[in-house]
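One chain, chain A, links the two complexes that follow: it is found with chain B in the first and with chain C in the second.
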Partner chain A sequence: MGDSTKSLLQRIIRRIPSRAIESTLRKWGRLTAEQLQSIDFTQPKWTVTQELLDMCEEGNWTLKFITELEMSYIIDNPNQGMWYAYQLMNPEDDANSVELTQFKEQFKSHLKQLVRHISLKMKKHTDEAVWIRIAWGDRFFQPNHMKPTYAVHYLQTPYVFVTSLTSKHKPLFSQAMTLSTRYQAIKDANLSGRNLTAIRDLLMRQFQQAFPTKHPSPLAERNQTVSHPRIEKEQDGNAANRLELACEAFGGGTLPQLQSAVYKLETKFRDQTNKAMTEREESFKCIVKFASTNLLESLRHCASSGFASTPVTPLLSSISLKGKNYFVITDNSPGAASQPRRAQDK
Partner chain B sequence: MERHHNSVTKTPLDRVQRRSKSKSYRQSLRSCLGATCLTPALTTRRLNISRRAPKSHNITEKVNPEQLALMVKTEWQLSYVTPLYQFRHTQLKSYSRQLSAFIAAEKQQGLAVEVEGSHGSFRVSFSVVQGMSEAADDAETVLIQIHLKRLFSRQDEPAKVVWSGLLTCINGSPDYLRSLPKDFTCLPLLCSSGAEGLTSAVKSWFQQTFDCYFGQLEISHTSLQWMIALWTNCQTESAIQFLKMIWTLPVVPPLKVTYTVNGQDAWELWSSVRKDPQKEGNGEDEDENSIDIEEVMRFMQGLKSHFYRHFRLDLSAGKLDQVSTALGSAKCSGMIKISNSKYMISTLTLLTECALLKMPI
Partner chain C sequence: MEGSSKGGVLSHLSLLEAKARSRKTQLHQIKELRDKVEALRIQRDQLRAEIETHKILQKVRASLDKKCTKGGEEEELQVKEGEKMNEDSEHSQLLRLMARHTQLKDLLHAHHIIGGYNITKTIQGRRVCASLATAYEGVYLETYNVEFDLKPTVRIRRHDVPPFIPVDSLAEQSNMQTDIRAFLDTLSKYLNGYAGRKQQLKLVKERHKSVEVMESNVLCSILVMLLTVPGERVTVLCTLKYTDHTRCLPTGVYVQCEADKELPDSPQWKNNCSLLMETPVHKALTIMRDRWIIA
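After this line comes the complex of A and B, so read on.
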């Protein structure tokens, strides 16, 4: 037991960048002021780790202490690994009145009924979010603290965000989640990304959206005199129009940082110049992946600069309008139809 | 005989082309610096506009399996090399000694050669890869390997190969090869794999010894499209499984588009854009299986229009960075991996042609 505590501590410290170690430890609050003072944080990381390991041994820190440290670090730095969004469906009548203590108790008891060896930790964060850390074991093995699942649920909303959940544990997690939130089902929201805040904002529509207006906003008058005022005006008009349409499709201002969007196309090949292919019965199967450091901003720029024709196709605008980044497109369901996928099986 | 006859009749045309090459040489240097991008129209004029469809070669029977395995499993960085002065295939043993000594001297000076855990001695081996050359004018392919013998290794421990290089010329333009003065050997394509420091050491030894010049060989937009077409054309013989293309669109921040088409669907699109062989009346001296640049362009157009129909985004505005199928992959930065030895010859033929376009006249 002592060894696994120490190796977990070592592993966590390894993940924390040197400059953040001190603040993380302070926040954790398990070290006395003297202990904190005795550590020289300017030393190389392995020396600091060694000192902490010694303290751990002397102080007989339990696994619980160490998981607390991990959790407080992950809550502050959630963008490590892929987050997947899930949506709860068909609420019971009392779904809206589930509060924290009740949820905590229910979730714990449901999960413990399903899995014998399990280690659970829950914490309410400042912004209505409940953070859940699950270390999974099974009938014969103690919980594995090295690969915990993290889940974030916003109380009174149908949204759950999960990272490092294996397909083996997914049904167990889903069952406990639906029962304790008083919903009947949970489905894959077809949205994933490395930035938790971004996918949350996208799914919960917490970003600046631009709504289509019937009358285009009047252009600001320009004082500049140009050689061809008419051409200039028309071009300005086009550019402004494109920008407006781009913002309608993807949102205005700073956009949630999404890394990729995937489309599985199973549609017929249609091209007037290619008769043979157009007459073909089967669909033309392909997969298209868009990737960028900030996908929505890239796409907005595509539309506003004219790389993409405006108005933007519903396929692309669905990313922000529907809060999804995985789509299956078939001919039967034109537009942005989508089918569930097995998200984390990849 | 007939081949010879052909080349004679084509000579004047080639002259014109050749002259333009020296111009394009400068242009491609500029494109190295990223100043300009070659327009496809210009490139098509330079590259062959028609080539034979890849035939699966029974290369496994001709080439030493060990050497073949190395060529197939490695991802190579491409460079071009100007013709080598007084290079002799009979002197390979002596070259091995000289290059070993050269690298040892470089190392002594503390220059360049930095390989992980390189405490030990390098031993170089040059060997001829028999059975690779296709045309009579092609010089035999040379394989260079650098072995590292660790300082404290056991006696029986075999030396590790830390660098490999392949100097080759497959189906090089006979007109160009014959126009070279005596004493020049043309092996225009260097495929290398291993530590950067060793690559530059090998290059500088070659430059000093054979009075040649090396440059980075990028794979142009058009050549990448050719690869797509040549590989897709193989589908009936060995499945390509998928056709993957990666584009980058110059927006802020840059947008990467990965477009992966099912292998069989890609092939059906390809066969729909092929010319009808019956309609080609003048195909007597043409190889029946020749592929035209127009077919390649129609194929690309088909792929792009399917994409545009869904996303209303024009891929032509972007840059094709990388293409791959189960038969191999190629990147515009000049990295290539050939996964199926059957089609190695046709890929190397295309690359030899690209390298020859860089030759100064």
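After this line comes the complex of A and C, so read on.
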């Protein structure tokens, strides 16, 4: 047990960047003041790791301590790895009154019934999010702490955000989740990204959206730059109009940071110059992917600067509107039809 | 002699020419003035017609207002109106519509003043955006927006209401095609209830540092607090459940005490429970603190 504890600790420290180690350890709270002071954090990481491993040996740190450290680090730095959003469907009558303790107990008992060896940790964060860490084992093997699944759920909302869930464990997780939250089904919400805060903000509607109102929009007030009275910009009106439409389509202010949008086309090929392709009976399958460090910001800038025509096509504005970034487009529905996505194999 | 008489004839001719020219300009001026008089007359008639329409409109509007407030006197007024409007009976429909339009505009303005919701029309009437304001204890809180598509059917296009308020199921329950107001009223109640509870929680955290909030949720429909009784160092676990999401007061108050099992049944704590049921939690806690019931 000691070896696996040590290797887990090593792995966790390796994952934390050097500049964040001290604050993470401090926040963890399991080290005494003297122990913290005794470590020289300016040394190379390898040395610090060794010191911590020695402390682990001396202090007889359990797996519980180490997983606590990992969880505390992930909660503070959630914007790494790939997060996938799921939506719970068809609530039962008492879904709205599920309490925290009830949820925790139900989830634990359901999961333990399904999987023999499992290590589960649940923690409530200050912003009402319930963080769940699952280390999966099975009938023959102890829980594997090296590849835990993390899930975040806000009670009384239908969304669950998950990272590192393999296709093998997905049905087990889904069943436990639906039963403990008192819903009937769970489906893929077709939204994924590296930034948990971004996909959460998108689904929980916590980003600034622009709506038409009688009162002057804050955008107009902000953009009133004092310019020379004799200079009149011809394109000012058009530019303001484009900006307004762009903000209406994608949102105003700071936008949630998405990295990609994927459109899977299953439509018939339409190009009169290419008879061979047009005459085919089957639909032309292709995938269009937009990628960027901040996709919504780029798209909004495209629209406001005139690269993309305004009013913005519903294919692009659906990203913000529906909170999705995976769309399947067929001939019948040129909007955003959603279909289950193939599970990612790890 | 010839020169002077020529000069005389020429000058006479030029005089006559000048007279003729001046008469032309006079005629021209007279024509201009006549045109101006005509135009002014047309304008006067137009204004008179507008005043008449406005007067009739006001009468129609008055009758509409009376219809809304009292049911019975419509018939009398309609008879009177019928006499006056016999001449322009084809316009009566239009006038009625115009009166209704002004009535609705005034209603919307009144709604805006009392902090209800605003509706703005966009894109040539194909879409409508409603802004619902929330307030608690006289303080304006967040504003939420819902945008509707009006054609082909009335449906919600987008909104910024958080997902724990069931906008879609509320929309399904009320018939949005005929009565959008019912839907907006219900939604406004839910939003105001939520905003009120959220504000209460914020005030509890700000003003009562000795009270520890053990559990709450995003919808603010449950609140579990740990209260300390001064002197005896006894802690009481107090649970408030808000099952009616349109209200700011709890529907259930439960009190538990580890150290003293009898405490919840004592008359003092029964009083406290009823106090918590009837007063907003931050005020109730202040009262309890002033009475030295809790620290």
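Definition applied: the second predicted complex is superposed on the first by the 308 of 346 C-alpha atoms of A that agree within 3 Å, B and C clash if a C-alpha of one lies under 4 Å from a C-alpha of the other, contacts with A are read in each partner's own complex, and residues count from 1 in each chain.
In the analysis below, contacts are C-beta pairs under 8 Å (C-beta built on N, C-alpha and C of every residue); 3 or more make two chains touch, one makes a residue touch a chain.
From a predicted model like this one, the values you see are computed outputs, not experimental measurements.
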Clash or fit: chain B against chain C, after overlaying the two structures on chain A?
fit
Partner chain in contact with A:Q10 - chain B first, chain C second, else both or neither
neither
In the overlaid three-chain picture, which partner chain does A:Q35 touch, first (chain B) or second (chain C), both, or neither?
neither
Angular separation of chain B and chain C about chain A, which is computed from CA centres of the superposed model and rounded to the nearest 10 °
120
After the superposition on A, what does A:N144 contact: first (chain B), second (chain C), both or neither?
neither
Looking at A:E128 after the superposition, I want to know if it touches chain B, chain C, both of them or none. Which is it: first, second, both, neither?
second
For chain B relative to chain C post-fit, closest CA-CA distance rounded to the angstrom comes to 20
Which residues of chain A touch chain C in their complex?
96-97, 99-101, 124, 128, 154-159, 203-206, 209, 211-214, 321
Could you list, by residue number, the parts of chain C that touch chain A in their complex?
118, 120, 122, 129, 131, 145, 147, 157-164, 215-219, 221-222, 241, 243, 245
Which part of chain B faces chain A closely enough to touch in the complex?
249, 251-262, 265, 268-269, 272-273, 302, 305-307, 309-314, 317-318
Can you tell me which positions in chain A touch chain B when the two form their complex?
263, 265, 267, 269-271, 274, 276-277, 280, 282, 284-295, 297-299, 301-302, 305, 307-309, 312-313, 315-316, 329
